[in-house]
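Next up, some structures in structure tokens.
Look at the two complexes coming up: chain A is in both, with chain B in one and chain C in the other.
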Partner chain A sequence: MKYATLNKKDLNKWLEHLKKSAKLYAPRKKENLFVFRPVKDVGDVVLEYVPTILPPKKYYFPQKEKLLKFKIEPFQTAKAIEGFEDFILFGVHTCDIAGIQCMDVVFRDGPEDPNYLNRKDKMIIIGIECLRYCDKYANCASMGNHVPRGGYDLMMVDLGEKFIIHINSEKGEKLVSKLDYIKEAAEADMNALERCREAKKKVFKEEFIGPLGKVYGVFDKSFGSDVWKDVGKKCVACGNCTAVCPTCYCFDTQDDLELSLNDGIRYRIWNSCQMDDFAKVAGGEDFRKGRDTRQRHRYYRKFKYPVDKFNRYFCTGCGRCTRTCMAGINLVETVNSLLSQETL
Partner chain B sequence: MLDREILLEKMRTSPYRPMKAKIIEAEMVTEKEKFFRIQLEDKINLGHTPGQFVMVSIFGYGEAPISICSSPTDKGYFDLTVRNAGVFTNKLHTLGKGDILGIRGPFGKGFPIDNMFGYDLVIVAGGLGIVPLRSLIRYVMHNRNDFGDVQILLGCKSPKEFLFEEETKEWMKRSEIKLNCTVDRADPDWKGNVGLITTLIPGVDINPSRTYGVVVGPPIMYKFVIVKLLEKKIPDHQIIVSLERRMRCGLGKCGHCQIEGVYVCQSGPVFTYADLKNFKGECHEKAS
Partner chain C sequence: MKKQAKPRVAFFDFTDCEGCQLQFANIGTTLLDLTELVDIVNFREIMSEAGEDYDVAFIEGSITTDNDVKRIKKIREKAKVLIALGACAAIGGVNGIKNRSSLDLAKQRVYGDKADIINTIKAMPVHEVVKVDYVINGCPVYVPEVLAVLKSILMGKPYVVPNYPVCVECKMNENVCRYEKDQECMGPVTRAGCNSWCVNNGNRCYGCRGLLDKPASDAAKDILTKYGLKVEDILNSFTLYNDSMGEKYDQEFR
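So, the complex of A and B:
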């Protein structure tokens, strides 16, 4: 079976089924925003949502993660995490799936990161395709992430009365097989999916004023651009943009001791290149002193450096950095300023 | 070879898990720097390349990247020399002979010794730069016939900051290695040169196409020394530097050491001047 269908009235029944098969995380409302949370009541799950405050990255690259157990006297080290549990990320937008693909590339690149890879092994991704823009901040069409591009186990598309589900892996297939309410898709469903994708072409338009290839070219030439000074003047170095970014993975390590002051745990905690001491060495030199240089670094880590290294853009187009920025730094505007400077 | 396999296996199990290591010698060598001789559990050899670094762990205090200052030809142990410059190194300074540390590594790309075989070397060390360079110098001493003429230029702020004084005297005695020292500010006992290290370079006699210039020192020193070496017509890819950066993982992940698209912990800390020219502005400190 390659495509299956699920009637919307059976959605909660399926969610109950998923909840039984593994730890289930899904988007739900939190005040006027959305968050990924463990599902307690399947009725809380929402599938029409603006990207969650934090991307699901918190489940495969936690804010504070155990790296190592240690004992000072006698010197001992041990694995900090005994077993990793199976989990399902439900209702993931295609932009966030692109984010997971970026992280895969980073943590698989040698030396491999066992914590990430062990979690990734246990992860099942059930995506939901967006049929319209979540809000004005997204730039998913320019990044090509408004349509599914692999990296998931199942992908749901809303066809009105029902969802059509693309089955993309064996793990995914197991979650839809042997259920009387999930059927193989008929030809009419496939045609409906095609019409739906056609309709999307009218809805999603590239947000940047130039194609992605040109964006890369512009970044190649814009290291000294005044645009960075303008962005730097606005920036308050709070680090929100990097915390909410699905492809930001910079970290620090921290040792926490128990009261015995002999046993402890070494943690990895999220860090941000926007913090003023991020690139400072013991001798006092700071290699990215200004907020302009730190913001530039963030942008280059989305549009230039990973393209050179991994042949992938690390902006997914989710729009979170813009949505969360209290200084009003807007990614689409910044990239468009660079592009328009270029054409002057 | 077997030691390397053990180290690689440990990395595969978890690259974040330090190996147990014991301090077998410790000694303050200047007012601010302490020398440590370290032995890994089971006396495994680190098998590093001169110029590489290790992540040193003190549980409860964290981890820091430290240059290895012994040569891989010094078997059964390795040396570190550490300046007391922060919370971690302050704690490290309280440790002495018999104390236990955690070690991960070696990490990074060291000096290109394989390419340097048969070449003349001009080694320029400013301040703490002598620490990673000691690894190279000892390697050269132990493999003296593999290299041509070797000249070492050493510079410090003041005579009491000179590291490895006894060893330096030994290097000076060995006629096949030329050594020249200078200090920014002399004291009454100092009989050598006074002035910046750049003043020593014009007097150096070299055959540029057959020479590697290896420079390690504080960031401010690099541009001045590199200019002098370029004036001597040493090709860009034969001018070698080592850069210091903040590091948390050594695995090309944590992001702290990044210069533009390059992770110093993986692609460095040793770079050629030809590499540095590709950077657009983040390889040295700039005022904001």
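So, the complex of A and C:
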């Protein structure tokens, strides 16, 4: 079975089934925004949502992650976590799946990161395709992530009365098989999916004023651009943009001792290139003193350096950095300023 | 760890509300674990004896009288390690608001016709009078940080106070940004370390932990202005706990 269908009235029944199969995380409302949370009541799950405050990266690259346990006397170390549990990320947008794919490239690059891989191996991703823009901040069409491009186990598309589900892995297939309410998709369903994709072409328009192919070249020439000064003036260096980014993975490590002062745990904690001390080294030298140079670095880490290293852009188009910035630093505007300078 | 004689710990309060000592007293059974590591010899929130031999002195409150100056200097002579506990001791705290007006006017306002018989000087954080070895920010102090500092003291290591804003911790806690709710919040310019305690509980940040080394005050002012605050309100937000830096912001904002 390659495609299956699920009637919407059976969605909660399926969610209950998923909840029994593995630890289930899904988007739900928090005040006027949305967050991924463990599902207690399947009625809380929402599928129409603006990208969550934090991307699902918190489940495979936690904010504060235990790395190892240690004792000072007699000196010994041990695994901090013995077993990892299977978990399902439900209702993940295609932009966030692109984020997971980026992280995968980074953490599988040698030396492999076992802390990430331990979790990733246990992860099952069930995506939901967006049929319209979540809000005005997203730039997923320019990044090509408004449509599914792999990296998931199951992908749901809303066809009105029912969902059509693309089955993309064995793990995924297990979650839809042997259930009388999930059926193999008929030809009419496939045609409906086709029409749905066609309609999307009218809804999603590239947000950048130039093609994505041009963006890399523009960044190659824009290191000295005045655009960075303008961005730097607005920036308060709060680090919100990097925390909410699905592809930011910088971290610090920290040892915490118990009150015994003999037993402790080593943690890794999210860190950010936007912090004042981030690029400070021994001797007091600071390679990125200004907020303008730190913002520039963030953008180059999305549109230039990863292209050099991994041959892919590390912006997913989710729009979180713009959405979360209280100073109003806007990714689309910044990239478009660079593109327009180029054409002058 | 080798067993050594337990360090003797004393608590002293100056001009403050004693709320930070109360935080310490409220750590519950952990207090019992602590007695394995230290001898508490002077702590009037929790005990009636008052020992005068100590190695470690926790100082709560700011220095606001000539007598305070003499007393803190004496404590400094005895203590091997001296800790500023809480906003008043660390940065002057709300007591610093007094420094905004002339001393005469401040005395008049508080003591009326008794003003002349009151000895008072400008409010100062402890480090303006004696050397401070460790700083614990906050109004009140955040207990997990108090324990972290205490462990650093016992290990003889420095405690590094974060030099990044509260937003960093707040975002990791996945709070809805206060600006999203049209509330002005001092998070972007305030030193982290409290795990965004107030915002986690539905409040906003008032800046009690003091400003960052290099707060982006110009950009922060833009944000606050965008959210409808007037210069005077912004200045008040910046200086509620931080009057020792108030003059600097006077110049920047006017």
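One rule holds for everything that comes next: the second predicted complex is superposed on the first by the 344 of 344 C-alpha atoms of A that agree within 3 Å, B and C clash if a C-alpha of one lies under 4 Å from a C-alpha of the other, contacts with A are read in each partner's own complex, and residues count from 1 in each chain.
By definition in this document, a contact is a pair of C-beta atoms (placed from the backbone, for glycine too) under 8 Å apart; a residue touches a chain by one contact, two chains touch by 3 or more.
Worth saying up front: this structure is predicted, and the values here are computed from it rather than measured.
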* To do: May I ask you to decide whether A:T324 touches chain B, chain C, both, or neither, giving the answer as first, second, both or neither?
  => second
* Check whether A:T253 is in contact with chain B, with chain C, with both or with neither, and answer first, second, both or neither. => first
* Asked: Counting only touches as set out at the top, which of chain B and chain C does A:V244 meet: first, second, both, neither?
  -> second
* Asked: Where does A:Y300 make contact in the superposed view: on chain B (first), on chain C (second), on both, or on neither?
  -> first
* **Partner chain in contact with A:C273 - chain B first, chain C second, else both or neither** => first
* Asked: Just chain B (first), just chain C (second), both, or neither: which does A:G217 touch?
  -> neither
* **Touched partner set for A:F107, first chain B, second chain C, both or neither** => first
* After superposition on the shared chain, which partner residues are touched by A:I72: those of chain B (first), chain C (second), both, or neither? -> both
* Figure out whether A:L261 sits in contact with chain B (first) or chain C (second), or with both, or with neither. => both
* Asked: Which partner, chain B or chain C, touches the larger number of chain A residues?
  -> B
* chain B and chain C footprints on chain A, overlapping residues -> 72, 257, 261, 291
* **chain A residues touching chain C - in the complex, by the definition given at the top** => 30-33, 35, 53-54, 58, 63-64, 72-73, 233-240, 243-244, 256-257, 259-262, 270, 272, 275-277, 291, 324, 326-328
* To do: Give every residue of chain C touching chain A within the complex, in rising order.
  => 1, 30, 33-34, 36-37, 147-148, 151, 154-155, 163-165, 167-168, 171-172, 174-177, 179-181, 187-189, 212-214, 216, 218-220, 222-223, 226
* Structure fact -> Within the complex, chain B is touched by chain A residues 67-68, 70-72, 75, 77, 79, 106-107, 109, 111-114, 223-224, 249-255, 257, 261, 264, 266, 268, 271, 273, 278-283, 285-293, 297, 300, 304-305, 308-309
* Structure fact -> The residues of chain B that touch chain A in their complex are 11, 13-18, 20, 59-64, 83, 85-86, 89, 100, 102, 218-219, 244-246, 248-249, 251-261, 280-288
